[in-house]
Amino acid sequence: MTIALDDTLTTSDEPEQPPAAAKKVRSRRQIGFWFGVSWLVLLAVHAFFAEWIPWVRGEQEVPRVAGPDGELIRASGYRFGPGLDFWFGSDALGKDLFARCIYAARLALTVSIVSIGGALIIGGTLGMLAGYFKGWIDRVISVLVDALLAFPAIVIAALVIGRFDSLQASDIEFLGFGFDWLSRRWSVTIIFLFLSIAPVARIVRAQTLSLSEREYVLAARSLGARTPRILVREILPNLVPAMVAVIFTGVAILLAAEGGLAFIGYSVKPPEASWGLMISENRTRIDDAWWATVFPALMLFLTVLAFNLVGDRVAKRFDIRETSL
Amino acid sequence: MRYVSQRLLQFFVVFIVVTFIVMVATRIGSADPVRDLAGGAVSDQQIARVLNDYPYLDQSLFLQYPQWLLDFVTGNLGYSYTQSQSGLAMFQQRLPPTLFMGFWAIVIGLAIAVPVGVYSAYKRDGAFDRGASYTSFAFISMPPLVIAVALLFLVVTRTSLFPTVGGSSYIAPWDSPWGHFRNFFIPSLALGLGLAAVWSRFLRADMNLTLQSDFIMLAKAKGVSPARVLWRHALRSSVLSLITSVALQVSALIGGAVVVEQFFGPRGIGDRLVFAIQQNDILIIQAITAVLVVGVVLANLIVDLLYAVVDPRIRHARKLG
Amino acid sequence: MSGLQTDARQSTGPLLEITDLKTHFATERGLVRAVDGVTFTLERGKALGVVGESGSGKTVLSRTIMGLLTARGVELSGSVRFAGQEILGLKAKEMRHIWGREMAMIFQDPMSSLNPLMKIGRQIVEPLQIHLDMPSDDAKATAVRLMKDVRIPEAERRLEQYPHELSGGMRQRIMIAIALACGPTMLFADEPTTALDVTVQAQILDLIGEQRRDRNMSVILVTHDLGVVAGHTDEIAVMYGGRLVEKAPTKTLFANMKMPYTKSLLRSIPKLDEPSHTRLATIPGRPPDLVNPPKGCRFAPRCAYARDRCHEEEPVLEVAEHPEHVYRCFYPVGSAEFEERDEQVKAELAREAAAVRAAADQAAADSAHGDVPLAAQLMHGKDI
Amino acid sequence: MLTRPIKNRRGLGRTAVATLVAFTLVAAACGGDDDDAVTTDTTAPADDTDPPDTDDTDPPDTDEPEAPVVTEPPAAEAEVSYGGRIVVGVEAETANPWRPANMNCASSCQFIARTFFDPLVAVDSELDWEPYLAESIDINDDATVFTITLREGIDFHDGTPFDADAAMQNINGNFTSLLLSGAVKDIAKGPDGSVLMEKLDDFTFTLQTGFNGDPDNPIPWPLFPYYLGGQAGLMASPTWLDAAEAGEADETQAVGTGPFLLTNYAPGDRTTVQRNPDYWLSDDDGNQLPFLDEIEFRVIEDSQVRGEALRSGDLDIMATSDSLVIADFADDANFEYVNQDQFSETNYIMFNLTQPYLADRDVRCALLQAVDTVDLIEVVAGGASTPSIGPFTPGQEGFLTDNGYLGYDPDAAAEAIAAWTAENGPLTINYSTTPTVTNLQTAQYLAGEWGAIGVNVTIDQIEQSTLINNALFADPAFDAFGWRNHAGLFVDSQYFWWHGSSISPDSPLSLNFGRLDDPVINELLELSRSEFDEDVRRGYAEDINRRFASECFIIPTSQTQWGVFHQPAVQNIGRSPVPDDSTFLRDGAGFPGQVWLTAAFLAD
């Protein structure tokens, strides 16, 4: 933060803060950031190595545990609240909610990360080209972004996923391929990817636009560097911070979207686990078995929060803002 | 005038794009839209009836679209054969709950965001500001679904005041103000809290900027009291970005309403839309999506108008434009 | 605070006495010494010009005196006595009786300093109602009179207009009218003409001068433009790096300036064809870093006439031929050492004229929404 | 009688193991004057009764249905009074449109429809049919010709007079509609396909039987009048019907002769009816009926939520088949209730018998033996329902507590599947379900159990109308799903659900959803239809039950029990008068989950 104490003082953007206060703010931000990072690492390790972690039961496992009389019983009917046997309690069918929350995390994380990754490749390319060459891509992207903003994505997603179900069930072939593979997991991933392209393209476009005016790019151009070289060697590396911020924040948004979608029944189908689905399945029993609704919601919240915290920190660190886009 | 026509053109393009995409989406993997529409037990009679009402349904998409569009603008909002209900009647039944919910959500959002945002900006970096900042960050990370669970767990199950999950139903405020409140408060809050979080952030940021501007300094130098500086001078000019934010949240609001209506009720247009999607009731899907897009577009137009009301400079510029 | 509400016109002695005034800002980088030990007095009815380039601390000085700097991390010391009363460090609540009523300020940019969303009339009437409890009809009449005083044609109609409907000069006149509304004894004019056309500049300055005489006000005119203060002040104070480096009655100063810096300022009076608020192009280098000011004379790093001593030792205020003329320089204009270098300097100056201009606006970049999480911004999708 | 899921979308809550629900198109109750198996269980206040036995998860071990307790409906505790508005919570609303010939009517739909439509006959508290809109129905000695005489002086809500022409038009429409024709297939039809009727005068006409509609092959059908107490006997204004047919009137704005007028209909959400001031019926004291000004029916799918709404006073009446909720409310002295635990539906898993692997008895029985219904009920319904071993529930003709049901035997099941797969390769069953909580839990449970015996299970979550289509058209994707059906006292009520003749060779559509075409069952159904002697008929029904058990045509899971709970202020539930008779109409006969509201009133 540089402060020009002169006539522009009144319009200078950042407050003057005493060093101590500033340090406190920084350290507070750090706490959030490190909380986010640790939560994500912990969650990711559990989610992706669930099968090898002894304290995570199987997603579909119906464990039999010692009941009050010592004999082995099923934990069905929400028999166990949170405790040593079942960290997050058991659900109606007697499955371990902790394990299901972990497997739900795997689903949510894979779907969101793969979608954002794909959107970054496609949207990033489009955005870079649009930002560098401007022109029609630019206009198409802005219309698409406008259109997407004019309509809640969750509805489009539910609509398309519903239709993808029919497509999967149908005999329709495309280029000789059927659609048997089009499971809900894929449907969700595909539609999320598709819906993320335009916003990602828009951000990358804006960054490219400002980068392509920078001196070093102009210099490279004046030295006769070819366009692909400029794009790959000069612009792309400088897009990385923005992309990192977009990945984290984008994943947070998609996690929330997956939750909502699963809640209205358009993410994976049972018996697969998803946070939103668990909330939907158990919420009418919240009086008797609060854990079956509250823990999935908490997992969803903390994970979204963690991604937001990290993404926000990255964005602040590299000074990436929507307004500058 | 040029400005207005430009905006209208832009909105028109958005409308066409969205409605066309939705139309295409409803036909994915569908062998026979007419049969889909007839729903339930399908007899030849029923199919004939659908085709008699909507003869274009077995044509190609590009031929269907303009005819559908013509129907839409002439007030034929489709028909649900599985529900024996016209699109128009469906809207009459389903729009009011959602409109009320959205309205109250916005009211709640503003009622929280404005004082919080203003006070945060005023006592910048104070304890309140910091507290509000963390709280709002947390709420921004809470999808409506999570807020709904929190409200259910922390409020609904602990008081006997409000209907539980799925129990909220539509009661018009003029029929029973208390009944209306009971049924709408929790769903509206579930939507409104998220809005409040976003808006208080935007408002605070904008207020901070405004408070540093010269005219605030001048107002201060005139000896205007801080409260007056804050509410009369600063807030009014920061309100512009807030209004924009409100309009931009309309589509997010609809998305949230889809979830919240499924969670608590009341049964509004979001609930109906999900049901229509489940049933592949394509004409209803198209009608609802089109109306929602028009709603979002209208919200933006209203914001444009409000801009001019709030900011004389814009009024001026538009007159010239 | 009743003492402060007594009319400054009744007190005797100098209207404003500033003693060793320091304004420091605590920042992440360290302490910014924006005003660093400034002392002067101003008699009632007199006009003082405070001159310096951007970053010299002149604006901070005027705002400190007026008590408008209340941000966190601001450390004030020294003394500001207004009409015999100490006012430094008073809370905004206490200062409010002085603001508008005893002290008023005209800001640099009339466009951004008038509330764009409020009618002109309301903005003029506001202080009248606050301080004088005027009923709205009277206030309106007074406003019209004030506007006529500052030569605004069709005053009645203007009441209902918004700032954007007026020209820059008109707006500045409105600002003056606002400032004058409650008949202050002390007027700060912070770069009142920088944003205006040159032709309008003179009118505005004349107007301020005229009102000063009519109302027996004291005026502090802050500017980076020596040309502005030349005909409109009684005294001139030159600031550099937070310090007062030269002060003299106007005529004396122009006749016999001592500081090479003042001389450079004189050379850099903006040309007519330059856009307003251009950085002073003809002084090479940047204003000093106020966190770590240079050792010795603060101007030395940029001074073409500086010698070793200037970099080692900071000069104290010397009294020149005229008893009211003080300056801070080991080798003032006219000294032998100065003349020796003058020739080569003139040549260099021309070359470097254009270099300093760039990179000025970065700091002002809008970061308003840095506080809003990216997620919220993305969900908004649009620029706000 | 056509079945269709009523569970609209999300959670029916824990409606036992229930999944999809039957339409109840025919009022079916035990005929004759015998007094053995007939009970009237209108019980209020609640604390007079034992709460349902929720712990007993074993099939009842008595040989006979529980001894009937015939009680008079409670007398009104307060003076009757006019006016007031009540709100009734129902679990679904599946009509659309409200034309009797087309209504996809499950229990709650009947509940609603009976407020604006009247049937030709109704079932009284002794479970006899009584003429209602009809003044009398004369049956000839061999029960092949029915002479129907109508009451005079009744008008439809639109002023159209109710006379023989109107009734004949209704009967012709209802009896030939896609939905209902199967239920009354043995009524004679003319060469043009219309019902053969003879008008004797303005208020009298005749109908006759004919096997599969063939007038030359009349068969005795002693219980036929009961069918006129169901959907097929509802009378709608011919003026309105014609207009609706022509597209000139709204087919959801029903016009009948009933005690209330349909004023506002919001599909899937709520239906509002208002008092018909000119209703044709008065109570025994000569008070003009009905008493209530307005009734609003509100759909609240989740029974827990419905219960909460009743508790909080949002509802005045609430019908539920959720045993946990019933148990809950039965103990609550603040509410009164009508217990309907007889003649109700069975919850079961239906198979598509046209799938070759499901046509194989060994496979079906293995699937049945793999499921421990006691455990299933424990898991999905908290153990509150009574497991079922056959297609009938207590009180119904043919109900048995020992029918040869194979029972839970996972080892035998695994063995059978192993043998089958050794010969035919891997077996995959697609279990279709609507995406409601209970159904999904059931599906997951079944997937687990069937998976354990070596059957691959895919769960197909589909929206209900698609599910119905799959069933109606025996879609290749349809293997199995949960169903709730077969309420009613006689086995004749089940005739077309199970008779092979319901599977039409001409149309892929069949109301015999499982495509059950078993010669033994076909014959027993035909015999029972024309049987006058009740004991003999019961024998046929029991044989059918045993046949179901030995062939594993379905996997019965639990018995449905209904309770209709109401605020004590709502009076005269169970006291809807029968014209010209001192008995009362029986609530829930053939239509469990509903009560008549004709004489209900609100005590101050």
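When the chains are written out, they are named A, B, C and D in that same order, and each has its own residue count from 1.
Operating definition for what follows: contacts are C-beta pairs under 8 Å (C-beta built on N, C-alpha and C of every residue); 3 or more make two chains touch, one makes a residue touch a chain.
The structure presented is a predicted model; accordingly, all values stated were derived computationally and were not measured.
Student: Report the chain whose CA-based centre is farthest from the CA-based centre of subunit B.
Tutor: C
Student: Whose Cα centre is nearest the centre of all Cα atoms in view?
Tutor: That would be B.
Student: If you tally C-beta pairs in contact for every chain pair, which pair wins? Let me know.
Tutor: A-B
Student: Measuring from the mean C-alpha position of subunit B to the mean C-alpha position of subunit C, what distance in angstrom results?
Tutor: 49
Student: How big is the gap, in whole Å, between where the Cα atoms of subunit A centre and where those of subunit B centre?
Tutor: Chain centres of subunit A and subunit B, defined by C-alpha means, are spaced 23 Å apart.
Student: Starting from the mean Cα coordinates of subunit A and subunit C, work out the distance between those two points in Å.
Tutor: Averaging C-alpha atoms per chain gives centres 51 Å apart.
Student: Mark out which residues of subunit A touch at least two other chains, giving numbers and ranges.
Tutor: Each of 11-13, 15, 17, 21, 149, 165, 169, 252, 265, 280, 284, 308, 312 in subunit A touches at least two other chains.
Student: If a residue has to touch 2 or more other chains to count, which residues of subunit D qualify?
Tutor: Correct list: 10-11, 302, 304-305, 435.
Student: Could you tell me which residues belong to subunit B and also touch two or more other chains?
Tutor: 124-125, 137, 140-141, 164-166, 208-209, 213-214, 217, 248, 252, 262, 274, 278, 280
Student: Flag every residue of subunit A that touches subunit D in the complex, lowest number first.
Tutor: So the residues of subunit A touching subunit D come out as 60, 62, 74, 76-77, 92-94, 165, 169, 265, 269-271, 280-282, 284-285.
Student: Help me check something: in the complex, which residues belonging to subunit C touch subunit B?
Tutor: 66, 68, 72, 92, 96-101, 103-105, 107-109, 112-118, 126-127, 130-131, 162, 164-165, 175, 178, 181, 366, 368-373, 375-376, 379-382, 384
Student: State the interface residues of subunit A toward subunit B in the complex, per the touch definition above.
Tutor: Per the stated touch rule, the residues are 10-13, 15, 17, 21, 25, 28, 32, 143-144, 146-147, 149-156, 158-160, 162-170, 172, 179, 252, 256-257, 259-260, 263-265, 276, 279-280, 283-284, 286-287, 290, 293-294, 297, 300-301, 304-305, 308-309, 312.
Student: Could you please specify the touching residues of subunit D with respect to subunit A in the complex?
Tutor: That would be residues 10-11, 13, 302, 304-305, 375, 378-380, 382-383, 435, 437, 440-441, 443-445, 447-448, 459, 461-462, 477 of subunit D.
Student: Which residues of subunit B touch subunit C in the complex?
Tutor: It is residues 124-125, 133, 137, 140-141, 197-198, 201-202, 204-206, 208-209, 213-215, 217-226, 232-233, 236-237, 241, 244-245, 248-249, 252, 310-313, 316 of subunit B that touch subunit C.
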